[in-house]
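The structure appears right after this line, and notes come after that.
Chains: A, B, C and D, in written order; residue numbering restarts at 1 for each.
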Amino acid sequence: MTTFGDRSVSRRDVLRYGAVGVAAIAAGGVPGVSSAARKTLRRSSVTRGGTLNFARSIAPTTLDPANTIIAGDIYTLDKIFEPLYITSPAGKLTPWLATGYTVSKDLKTYTFNLRQGVKFSDGKPLTPADVVFSIDRARTDKKGPLSFLDFAITSLEAKGSSQVVAHLSAPWAPFISDISAFCNSIMPANFGGATESAFFQNPIGTGPFTTTGFKPNAASITLMKNPSYWQAGKPYLDAVDFKFVDDDNQRLLQIKGSQVDAIDLVPPSQVSALKSDSSLKVSLWPSWQVDLLVMNEKLPQFADRYVRRAINQAIDRNALVSAASFGTAKPGGSFFPPSLQYYWAGTPTLAYSVSAAKATLAKSKYPNGFSTELLIDGGVQKWQTFAQIIQQQLKAIGINVKLRPLDHASFESAFQKFDYDMFIDYAINDISDPDEMASFELDYHNGGSNSYWSSYNSPPVTSLVHAAQSEFNPAKRAKLYAKIQAAVAQDAPFVPLDYPPYIYATSTKLNGFAVNPGGAYRLENVWLA
Amino acid sequence: MSLTVDLTEPFVPTSGSGFWRRALKSRSLVAGTIIIGLIALAAVLAPVISPYPPDQQDLFHVLGGFSSRHLLGTDELGRDELSRLTYAARTDLKVGFLAIVFPFLFGTFIGTVAGYYGGILDTITMRIVEVVMAFPFYVLVIGLVFIVGTGVRGIYIAFAVADWVVYARAVRSTTLVVRELDYIAAARAGGLSDLRILGRHVLPNTITQGIVYAMSDIVLVIVAVVTLGYLGLGVQPPTADWGAMISSGQDFLTTKWTLSTFPGIAVAVTALGLSLIGDGLSDVLRPS
Amino acid sequence: METALAVEDLTVTVARPSGRFRAVDGISFEVAKGRALGLVGESGSGKSLTLRAIMSLLPAAARMDAGVVRLKGTELPHAVRDVRKALRGRMAMIFQDPLSALDPLQPVGAQIAEVPRRVLGLSKRRSWERAIELLRLVGIPDPARRARAYPHQLSGGMRQRVVIAIALAAEPSVLLCDEPTTALDVTVQAQVLELLEDLRARLELAIVFVSHDLAVVRQLCEDVCVMYTGRIVETGPTPEVLAHPLHPYTLGLLDAIVDLDHPVAAPEPIPGALPDLEQIPGGCSFHPRCFLATEECATAVPPLAEIVNAPPSHRSACIHSDRLRAG
Amino acid sequence: MLRYAARRLAAAVVVILGVTCVTFLLLHVEPGDPARAILGEHATPQAIQALRRQWGLDASLGSQFTRFIGDLARGNLGRSFVDQTSTSSLIAARIGQTAALVAIAAVFAVLITVPLASAAAIRKDRLADHVVRALSVVGLGLPAFWFGIVMIEVFSLQLGLFPVGGWGSSFESHLRGLILPGLTAALAIVPVLIRSLRVGIVEVLEAEFVATLRSKGLGELRVLMHVMRNALIPTLTLLGVNIAYLIGSTVIVERVFDLNGIGSLLLTGISQRDFPVVQAVTFVLAIGVVLVNLATDLLVAWLDPRIRLG
């Protein structure tokens, strides 16, 4: 039996790319991960108390971790519920409600040691039964969009008063990373006796904050300090007020007008202007994010590989990034972001060339182009700019694009119902292992989203994805993912547009704020000066 | 439109002889005509005088300042601001004028007929007018655009439904006055057909009132189109329109304020020109 | 006879887009205590502006450019504010349309009482009693009840009586009347005229009475001035002027009215129309419409002068008046 | 007065009936239908049919109308497709903000209009008049949201006097938070009000009774009091007539200032294609307009003896 405290070995690649990202950003004069991390360590002069006012773009619709992949939900519920492992701001897997695990020789049985002294917000202690209940719930809920992450688990059992044993059907390389996903967060067994719907209105978790009377799509939500939190002395804040403002501009105004202490999704165009404001801090965090143009293969024109390739060739990603991201992002190539483990810089992507695109389109069933619609989240400035650029560039090869801007909720529900021709959205790998992104975007049957709702279904690619899941040798895994990336670049189910950082603006009063590459930020270390 | 401008007292316009003489003497009419004439000329000649196509992007030169290549700079997609402004004049003037054609014709007709015949026809018409007017203008227009779809077509339909009532109401009250004039009474007594009286004697009087109101109405239509553009319900990109330009330029208010200010000024100047024409016309047509 | 009001060389100009134009052009007249002077002319002849200039109630576009107004020999100041103060309790005015002359939102009693209360400084109760007295004075039956009525609830004649009561409230010695009967029915007209005559006699008022109606002027006024394009073209004792007009314009006015007592001919309108302010002809401004006009008429403005063979008080501004006298 | 009020009330009832019919039809004139709009273009006919049945859209128009009226009578404005709660509760939770905004905007509109219009009327054809008229013409051409953006930039960001948006949590913060939005909404109708009221005051000033007041020997201040009282009536009437436009503008103003009134509920409903919400908000706003019009008419009647006693 081999014991792993932390699989930091395999994190090296991430750190390297992360460092590249940080270096690039630091060159632009923006505080990056390292300085923020240093600040967190300097704890001597922490101010306690106060309410953090945080304006976010998307209101949560549910607090159920197992039934969402929407940022508005995730970044709210992860303050209330916690998993056994988490991803640190540096992108490292960090033991959280578990202190470590052992794994059997056949790599099919994992035994987790639970952290002692962890209590739920109702004061009851965390037990192995709670862990078994929560992960069983997440993995068996077929409607859960991320239940595929727990695909390998065959059963879970409580062992003694502080251990949980997981049995896998086969060796599963991303396992601990999967366990760190928010969907595997821990809640009291049987919802502490409440009904499921009542529980998620008044949730009980081990996280630093709690809330009561949750309503979906509210204009704001208040999280209160969890007095029983297991990290002594934390959280520093008394409360967090999340305000949901879907309009980019209004959010900017609120931070400029000091009405809030932090905002998310700062438009790249505003970064330089905000930097000149001495009462504000703009921070760019390296991400496992790629912005994608997704094409609906249920429609005959996008089922045509030539059309998809032509579109990939027609979109000038260098120009797009130059115009729309103001130096904050890198142009898209592979569907894996460069910071993600196993990204292959040598991926043979389709280069921008209008004449090549025309030639490709000529080979398709639509040699003279066609008219189509591009669905976007209309509240986000960046998508509007992207959409107008794409509209213009596709016009050059005879594809006439009509824009269809919707508000965030309608946008999400439209593409999830396949009610779209093309749409632009971001894809984030929430956890440290790239399998999530590979499965989610490529595994039509088991990836939880019919290949990001594109309906792309390539059996050879899918089998490569499956092979990578059970491959523990990093070098061999890297090769598998390189093959996947090459195949996807040629099949062109998406256009990877760019790799942006997460951009936040915070007041200078705010300390200890850090975002991990999966886009999650924890607030127990945050304090207001 | 449910904004009510100076329409409380109906007036009987005078037309015919001396109109042009008085028109030329009206300073506001002449000034307004020159302003709108110039804007319309720029709009019509947009393809000739614009240095660039309005949607030609130069993604490596976005948010450019004033230069000899781009007199008014470039926008967030590197498009030439001057070209977009002139093309936007084309869009907005066209939409503004076309959107009021139906309300103007239909409202004037209905108002004249209801006022002339009176009775049950008048009562029913006025009740319908009141019902339509009960819906706040923007609520009605936004709702209608939502139902029939965004874009120019939605704007036309929405204005057709919402805007005719103002013309109908104003023209009706004028008709009530005109109807009582001696020469109309004489014409009726003389056995002229209603159709002939309406066509030859009443309409020529009421239609001028409609025209005067139409001038300020075009302003309100353009403002409404601009507002719909702000809400994302108006003219759809990449078509240049002042409203969309104002609202997308709003994102760069602190870094490049000209992007939303120039189209704003364009709207204001157009409004000024049309209002001057409206004021001037009502002075000229209103007997002193 | 004591002169109550004297006006000398009064000139009023009006602003038009193309410049300032003389609407009242250097007119002079006087009225004695207890007497009435009629000011007659077509609308647009400047007669109403004359009254408003005296009261300093000119509209914004008009301005009094020259002239002196004397009340019982004292010259009125020029600043509008000072004039109003100086006029208090000495001169008052009544208007053509009694409905629009009254504040629609106040009971008539309150509108009358406002004068003793605010101008004379009487107590609230005393002012109200005074208002009722005044209503009784102008012949309104049941004045205590009517005092509480709003203007729209009264008949036209009643309203004009109220307007007169307001004018009399401050006990003026001069009363300016701007076509006070024009908007009224014929029978009511007669009653109002009777009232004015009666008040004049009782209160020894000096009255300036503006009208376009010669018949009304004949009934009330001892003297008359005929105005055309801002000038007095003929003046004299009313019976004398009406019987022997010495200006072709006066003659035209007389011809234009139907004489109910002697219906001999159809009324004969003066050819042409009163010229617009901006296009007043040079010389005698009436010459383009005048059947007596000669070339000479177009060269110089004829002065208002005594006429041979006519009483000295009867003066005319026509160089051909002798031909009227003869004819 | 009673007879006038009764007549006016009867007319309002007729208009409300009309408003009800129009609101009902709003859901039914849609090309295609709401079920398709919700489910999207690629939905199966079976799914659409099921949803239509669920919402009762498959019944005849007549029976749907009967049910709609019946529901209305019980205060039931329908259920939100998205939130699955009653639209009346959604509206009830937000109508306060909108009502407060409209009220403050109306007050601002009067506070801005009356002095400017009076100044222009009193100094007619002089510099002040020309300036006010020119401003109102330019103002007519500037969209409300533009005013809002500029005011946020100046008063909130540069001067820091007011919040950039939001409703706040205390009465004082509500009030502070409503000042800029109220001003913005007011400015949307002020140009029109100024133009009309200026004409109204000029008419009052040129009215003979003002000459009477002056010839009575009253001081200018006293005269002005009479004039103002008389000008109040057209001002109120105008405000009543334009209140619909004002209420409509608050929809946009709420968006600019991030207020959560029923205007933003309407916009959310529209972007989420939540028909019952759109329908209910439209209905409530239209009824609001009818009631405000009725109230101003009755107030004017009470102030004006010509109507009160006529």
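Keep this in mind: contacts are C-beta pairs under 8 Å (C-beta built on N, C-alpha and C of every residue); 3 or more make two chains touch, one makes a residue touch a chain.
Note that this is a predicted model, so its numbers are computed, not measured.
K.L.:
Taking each chain's centre as the mean of its C-alpha atoms, give the chain farthest from chain A.
P.N.:
Centre of mass proxy via C-alpha means gives C as farthest from chain A.
K.L.:
Using the mean of all protein Cα atoms as the middle point, what chain has its own Cα mean nearest that point?
P.N.:
Most central by this criterion: D.
K.L.:
Quick check: how many Å separate the C-alpha centres of chain A and chain D?
P.N.:
43
K.L.:
Per the centroid of Cα atoms for each chain, what is the distance between chain B and chain C, given in Å?
P.N.:
Result: the chain centres lie 49 Å from each other.
K.L.:
Measuring from the mean C-alpha position of chain B to the mean C-alpha position of chain D, what distance in angstrom results?
P.N.:
Taking the average C-alpha coordinate of chain B and of chain D, the gap between them is 22 Å.
K.L.:
Residues of chain D touching 2+ other chains?
P.N.:
Residue numbers touching two or more other chains: 255.
K.L.:
Which positions in chain C touch two or more other chains at once?
P.N.:
Not one residue in chain C touches at least two other chains.
K.L.:
Among the residues of chain B, which ones contact at least 2 other chains?
P.N.:
Within chain B, the residues that touch at least two other chains are 250.
K.L.:
Quick check: in the complex, which residue numbers of chain C touch chain D?
P.N.:
Interface residues on the chain C side: 15, 52, 55, 57, 59-61, 81, 84-85, 87-89, 92-93, 95-97, 100-106, 114-115, 118-119, 150, 152-153, 163, 166-167, 169-170.
K.L.:
For a test of understanding, state which residues of chain D touch chain B in their complex under the given definition.
P.N.:
11, 14-15, 18-19, 22, 26, 29-31, 134, 137-138, 140-146, 149, 153, 189, 192, 195-196, 199-200, 234, 237-238, 241-242, 244-249, 251-252, 255, 266-267, 270, 278, 281-282, 285-287, 289-290, 293
K.L.:
In the complex, go through chain D and note every residue touching chain C.
P.N.:
Per the stated touch rule, the residues are 124-125, 206-209, 211-220, 222, 226, 229-230, 233, 303-306, 309-310.
K.L.:
Provide the residue numbers of chain B that touch chain A in the complex, in ascending order.
P.N.:
For this pair, the touching residues of chain B are 55, 57, 59-60, 62, 76-78, 232, 236-238, 248, 250-252, 254-255.
K.L.:
Can you list the chain A residues touching chain B in their complex?
P.N.:
248-249, 267, 269-270, 272-273, 316, 319-320, 322-323, 378, 381, 384-385, 387-389, 391-392, 402-403, 405
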